[in-house]
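Listed after this line are the structures, all set down as structure tokens.
Paired with subunit B in one complex and with subunit C in the other, subunit A is shared by the two complexes that follow.
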Partner chain A sequence: MNLHRVAAIAYKEWREVVRDRLFTIMAFGIPVITLLVLGYGVSLDVERIPFAVLDQDRSELSRDYLHRFIDSRYFDFKGEVSDERALEALLSDSRIRFAIVIPPRFGQRLREGRPVAVQSLVDGVFTYRAQVSKGYVAAINGDFNRRLLLDHLARKRGLSRQRGETMVEPVQLEVRYLYNQAIRSRWSMSSGLIMLVLMFSPPFLTALGVVREKENGSIYNIYASTVSRGEFILGKLLPYVAISAINVMVLWWLVILVFGAPFKGILLFYLPASLVFVVCTTGIGLLVSLLVRTQAAAALLTIVITFIPAMLFSGLLVPIESMNPEARFEAHLFPAIYYLQAVWGVFLKGLGWKGLWQPVAALVAYAAVIWFMGLMLFHKRPGR
Partner chain B sequence: MTWLQRLFTMTVKELKQLSRDPILLVVIAYFFTADIYIAASGIHMDLRQASLAVLDHDHSESSRELIHRFQPPWFELKGELSDTHQARRMLDAGEVLAVIDIPEHFQRDLERGRQVSVQMQVDASNSVLGTLVTTYATQIASRFSQEKAQELHGRLKLETLPAVLDRHRVWYNPNQNDTWFMSISELLTVITMLSLMLPAAAAVREKERGTIEQLVVSPLTPAQILLPKVLSMGLVVLAGTAVSLFLMIVPAFGVPIKGSIPLFFAVTALYVFATAGLGLFIATLSRTLGQVVMLVILVMMPILLLSGAWTPPEAMPEFLRRAMVLSPLSYFIEMAYGILLKGAGVKLLWDSILGLALLGSLLFGFGVWRFRRQFG
Partner chain C sequence: METDATTVIRLRGFEKRYRRQVAVRGVDLEVRSGEIYGLIGPDGAGKSSLMKAVAGVLAHDGGRVEVFGITVDSEAAAERIKGRIGFMPQGLGLNLYPELSVEENIDFFARLREVPAAELARRKAKLLAMTRLAPFRDRPMKHLSGGMKQKLGLVCTLIHEPELVILDEPTTGVDPVSRRDFWAILAEMLRERGITTLVSTAYLDEADRFHRLSLLYEGTVLATGEPDQLRAHAGGDDTDLEQVFVSLLRDQGVAEEVTASVPSTTTPGNEAAIEARELTRDFGHFRAVDRVSFRVRRGEIFGLLGANGAGKTTVIKMLTGILPPTSGSGQVAGADMGHAGHRIKRRIGYMSQAFSLYRDLSVMENLRLFAGIYGVPRRQRKARLRQLIDTTGLAGNERRLAGDLPMGIRQRLALACALVHRPRVLFLDEPTSGVDPLGRRRFWNILLRMAREEGVAILITTHYMSEAEQCDLLALMHAGRIIADASPTELKARLERDAGKLLELDCDRPLVALETLEAAGYRGVSLFGRKLHLLSRRPERAREKIEILLRSKGVRLLALRPRPPTLEDVFIYRILEQEAAS
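Now for the complex of A and B:
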């Protein structure tokens, strides 16, 4: 390995990147824009569910009950309708996602001390939203029922509120959230997005850089030169690793500054771990570029093996715990899952080398395998 | 040659060119079949086997009864811990998601009619998991609490007390089958990606290789050069959609098609046209494929992640929700789910169809106009 030649190739590649001004802007711009747009936009909080009501009772109690939904930040009141057909039309036109039907004599029955069935209709297309909204309805109903019951007990048996409370609910669950006390999805999401960005942007840069030489035919200059395979790959990829290393810093800074996420760990863990990850994903780009001949194919293949795993199989949007065994296995084939553990660990849990050496070790092994495969697959005497 | 014949010849040329890139074809086939299958069958948004540990300071019958309510498929008990330090260590290492802490004299206090609180520590570094764990655990605990209340005060019978009973009905997907939503969402994602990327790549490749000059000096008009790229790639995408819908999504996951199939393909074609228009517009902005890919990624990601295909769009900030008027996918999502799962027809969907058609014509017209300025 002649370091002089590596430096020459790296310099040549760097010049090429810098000369394509749009490409340069994108190389630094895409990570930042992605982080900002998705960090603000992607949230799995289920809030402001649009809903409508059909109140067939129109008593004081029914209005009181409905206001628990109308005043909640989880629901967005879209109005009252006069019959069930109208609700159906609104639901199938996706103007509302949820509806409540209050039966006649709702207030009267409750005052007489009898139970009343209230219908809630949920648009089940988006299963996660439907499930979470079911939880909200249960919570609002539970709260309303407790008050009804306390009033009832006070009226009928003269029990004090506190005594009634113990009778109605002897066991309480107190939940304490660790690492993210206000359970802000923005904290998890923005720090997690560092993983998404670093998973897909280095491979794109690399794959396009190498395939461009193949498609243009300029790679024949390399084939004909004295540069060895290892020197070419190292020199070719160094600028892309460098660009991504700068992005690692910029993203870290943005997540803290713009999204207010806490950084409880140490930079001496975050930086080396991120660098290993970037080397990993740059290597993925190299592999892609060795498999394909056109840039369009390179782009699509890169999406398949980086973007989709990063989004769906890393634990960012979908918990790994909820996957079936095959999907969980697939998730462990990509480096995203290990790096996400490291990022969340260092940002939110304040862990360092002691707690997180395992995922980093996995990444190092991953990088070694990928680069070795790349070296083996690259030939200076192509078959065709 | 007539105008249409030329269009046809150019479309055939594009298809031939595509068929000569075997890896690209394999990737496209993968997208419409295996990718959708994996995403739909493997991914669930409900809680499964969340690992849980217990700190039981009471060791009574009641405490064991409560602990054993945390059962699979939702929870998986990882065993009992001896002290809080161990609990914290396991939470830090991510070995367990939550720790339940049952206080001393749990049973005694219950029997004496005192209110007892049970503590639960939840790892919220992943907010989705944290929320799910809390939701399920709260439901389990409150059921336990209710039953205890009835046990302790036998005379409190629910039927004779005032209460609102929830008659919960889920429409369009009554069994809450995750795969229906996931498979269709993934299909929409694939359609979006390909109809953005393929025509744009086909257009800029001519620029990069210089073959565009030949086309410009031929008797072809700009529309006759650009439209075949959309037509050919649109055909590929529609064929792929048909394959994945009839050979994958319906047979493998039992998704019911409630609405009209021709209408679904008509709106899909309209969507492909609109998205391809956006792709062509990007192609006129760039000189090389590298640039196209970068720009495509830049517009694709917000479109995919913010239109409501993966996350509930209502919770987004107001300005982003407004901006989604410009995303063709936000119209298509309503229509695709509307037709496939809700059985909606033109009568309900006309506004989305109109919006998409307007947006598509605008984008496509803009693309042709830019192309004309560059090569006219």
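Now for the complex of A and C:
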């Protein structure tokens, strides 16, 4: 390995990237933009669900019941309608996501101690949101029932409110959310997005950078020279690793500053672990560049094999545990899953080397395999 | 042949395939030390594959490749020769780095090859001076002209002082002056360091630049030898090599009707079919076309010549109404191009550089499509297409897919598509680039017929001097301006009047003679293989003086005779004159 030649290639590459405005924007702008857009855009908190009501009773009790929905921060009251057809129209236009129908004589039946059915129509297209909506509705409904029961007990048996509560709910559930106390999905999402960005951006740049040389023929300068394959790969990829290392810092800072996520761990874990990941994904870019001939194909292939797995098979949106066995296996083939463990661990759980050495070790192994494959697949005397 | 120490490259039964398609087969070749060896042939002849294999950057499929006595049969073996080789791939400046400056590009190549700093400084200064690139050291490569890019590419290839340089189509699309500079640098390298060179080109008129050459066609060698030997083979001293190529193809059974001169059946009227008046076009601060004026009458073929980037395509785009001029005006087929965009388009045919047929449609389907686009009435369509197929010689190919056609036939199909609506004026932007000589002749036969028999006015751009010779009128464009404008014969006659006769000199030590004559102040001295060309105002007295001069350096003069100047000589002279004036 001749380090002078490595340096010559790395220096040239760095100059090119920095001087090409479009490439510079891609290198430093796209990661930041992706983080901001997705960080603000992808919120898994189901809040402000638009809904409407049809109150066929219009009694004091029905108003009381409905106000529990209207006043909730999870719901966004869009108004009252006068018949069911109007509800259906609103639902099919997606102007509301669910509706509550209070039947006639709702109050009267309740006072008479007879059961009554309240109908809730939920838009089931987006299943996750539908389930969460259903959960909210059930909780509010349960709360209302409990209050009716407490009132009843107070009236009939003269029990105090507190006594009544212990009687109605002898077992109390106390939930404490660890690591993300307010279960802000924004904290988890923004720190998780560091993984997403570092998964697709380094290979994207690398693949374009290498394929560009293949496309316009300057790769022949390398083929025709005495530079070894290893020297070329190292020199060519170093600048991209460096760019991504800068992005590792920038993204860390943005996640803390803009999204207010806590950083409970230590930089001495975050930085080396991120660097390993970046080396790993840069290697993916190298592999892509060896398989295709045009920059367009390189861009497309990189997005397909990095962005999509990082979104779907990393645990970012769908927990790995709830995947079927095939998907779980697939997920472990991509480095995203390991780095996501590391990044969430260091940000939200405050873990360090002791708790997270395993995913980092997996990344090191992954990087070694990828770079070795790249070295083996790159030839200075190809067949075509 | 016995292996001797001076053989640098030896190919035996060389074969290269891409998947199932054979690119080169059964090629034998031998290049000796200190030779400038040429590979000449049209696109697809296999030149690039062969050169890449010799440079050790492409694996071959059969036969034997030996370079410096080392058999190049594996990646490891190829590594052993690379330190002694310089390779410049095809494409003007494409292997350079556009964002880096001239100097940074050179430095990168030097560092890659581990040239020591002091040595680098010395070579860089010398090569930059030789290529006249020194004033542009800090200019980003992307802002260089085509000729400068080509010279920078050469400097980068030579910076580690290789013993063998392999240059793939270095002169394609470059202006004549840069081309001459390029040959001068090669001659200098040869003189100083005995460097061996393998060069490819698509231009047969460059053959005289080589010591020896091979004519390639569709992956095989048609002939090998010195330029004069090849001429002798085809019947004489004055035959041009294009004729040699064509007759060799004929020997191979690729038949071709003889070009009969087409008598003119229409008289060119005095009215202009195309007229450009002071056409100017700016792109930002860059003036691409600068006050260009010319007239083309009906039935005339007007050739627009110049390097890539000289402004030819911009002129055509303005005249066809695709691009509005910054100032000036033009008339095409009796309509003002500025106001009658649509009306013009119905009277003109346009075949662009990038003319792309629908490759997945057959010949007939392509023609029908264009007939539809140009609105040829349905009743006439069938007869018109039949007639077109006859005139362009496409008969028998109607059902073939355009993508499967050989280059020559594909270009004729493109021409047929441009002619489908019987245009009165035809614009052709480099229609024949990369086509073999036979294909180009057939193409020109059609053009001559269109002009002479149907009175179509034709404006054509080309890089081939042999094609330029066939034009009725020529205009040379350089840096956006027309710097010479007359018939080919007139242009040459003017050169002889202004600069003197062109002499060809044959001697036993041409490299020494080159240096001596240049030092003695002779103009236009240039190396052509083993011969020299120079300009002399008094050719009758030149022989004696030159003989004495050369004898003083121990060079024996073998022959000195006048030679008709080529159009390239004309252009070099005019460009230099223009540059000296500005």
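Convention: the second predicted complex is superposed on the first by the 384 of 384 C-alpha atoms of A that agree within 3 Å, B and C clash if a C-alpha of one lies under 4 Å from a C-alpha of the other, contacts with A are read in each partner's own complex, and residues count from 1 in each chain.
The rule we apply is simple: contacts are C-beta pairs under 8 Å (C-beta built on N, C-alpha and C of every residue); 3 or more make two chains touch, one makes a residue touch a chain.
No experiment lies behind these values; they were computed from the predicted model shown.
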Touched partner set for A:Asp71, first subunit B, second subunit C, both or neither: neither
Touched partner set for A:Gly113, first subunit B, second subunit C, both or neither: first
Which of subunit B and subunit C A:Asp20 touches, first, second, both or neither: both
First (subunit B), second (subunit C), both or neither touched by A:Thr34: first
Which superposed partner A:Asp83 touches (first subunit B, second subunit C, both, neither): neither
Which superposed partner A:Lys12 touches (first subunit B, second subunit C, both, neither): second
Larger contact residue set on subunit A - subunit B or subunit C: B
On subunit A, the residue positions that both subunit B and subunit C contact, one per complex: 20
Subunit A - residues contacting subunit C, complex: 2, 4-5, 7-9, 11-12, 15-16, 19-20, 216-218, 220-227, 379-384
For the subunit B and subunit A complex, residues of the former touching the latter: 21, 23-24, 27-28, 30-31, 35, 38-39, 41-51, 66, 91-94, 97, 110, 113-132, 134-135, 137-139, 141-142, 144-146, 148-149, 152-153, 156, 158-174, 176-178, 180-181, 193-194, 197-198, 201-202, 205, 286-291, 293-298, 301-302, 305-306, 308, 310-312, 314-317, 320, 334, 337-338, 341-344, 348-349
Residues of subunit C that touch subunit A when the two form their complex: 18, 52, 55-59, 74-75, 78-79, 82-83, 85-87, 89-91, 94-97, 99-100, 104, 108-109, 111-114, 140, 156
Contact footprint of subunit B on subunit A as seen in their complex: 20, 22-23, 26-27, 29-30, 33-34, 37-38, 40-50, 65, 76, 89, 91-94, 97, 109-132, 134-135, 137-139, 141-142, 144-145, 148-149, 152, 165-181, 183-185, 187-189, 200, 204, 208-209, 212, 215, 291-297, 299-301, 303-304, 308, 311-313, 315, 317-319, 321-324, 326-328, 330, 341, 344-345, 348-349, 351, 355
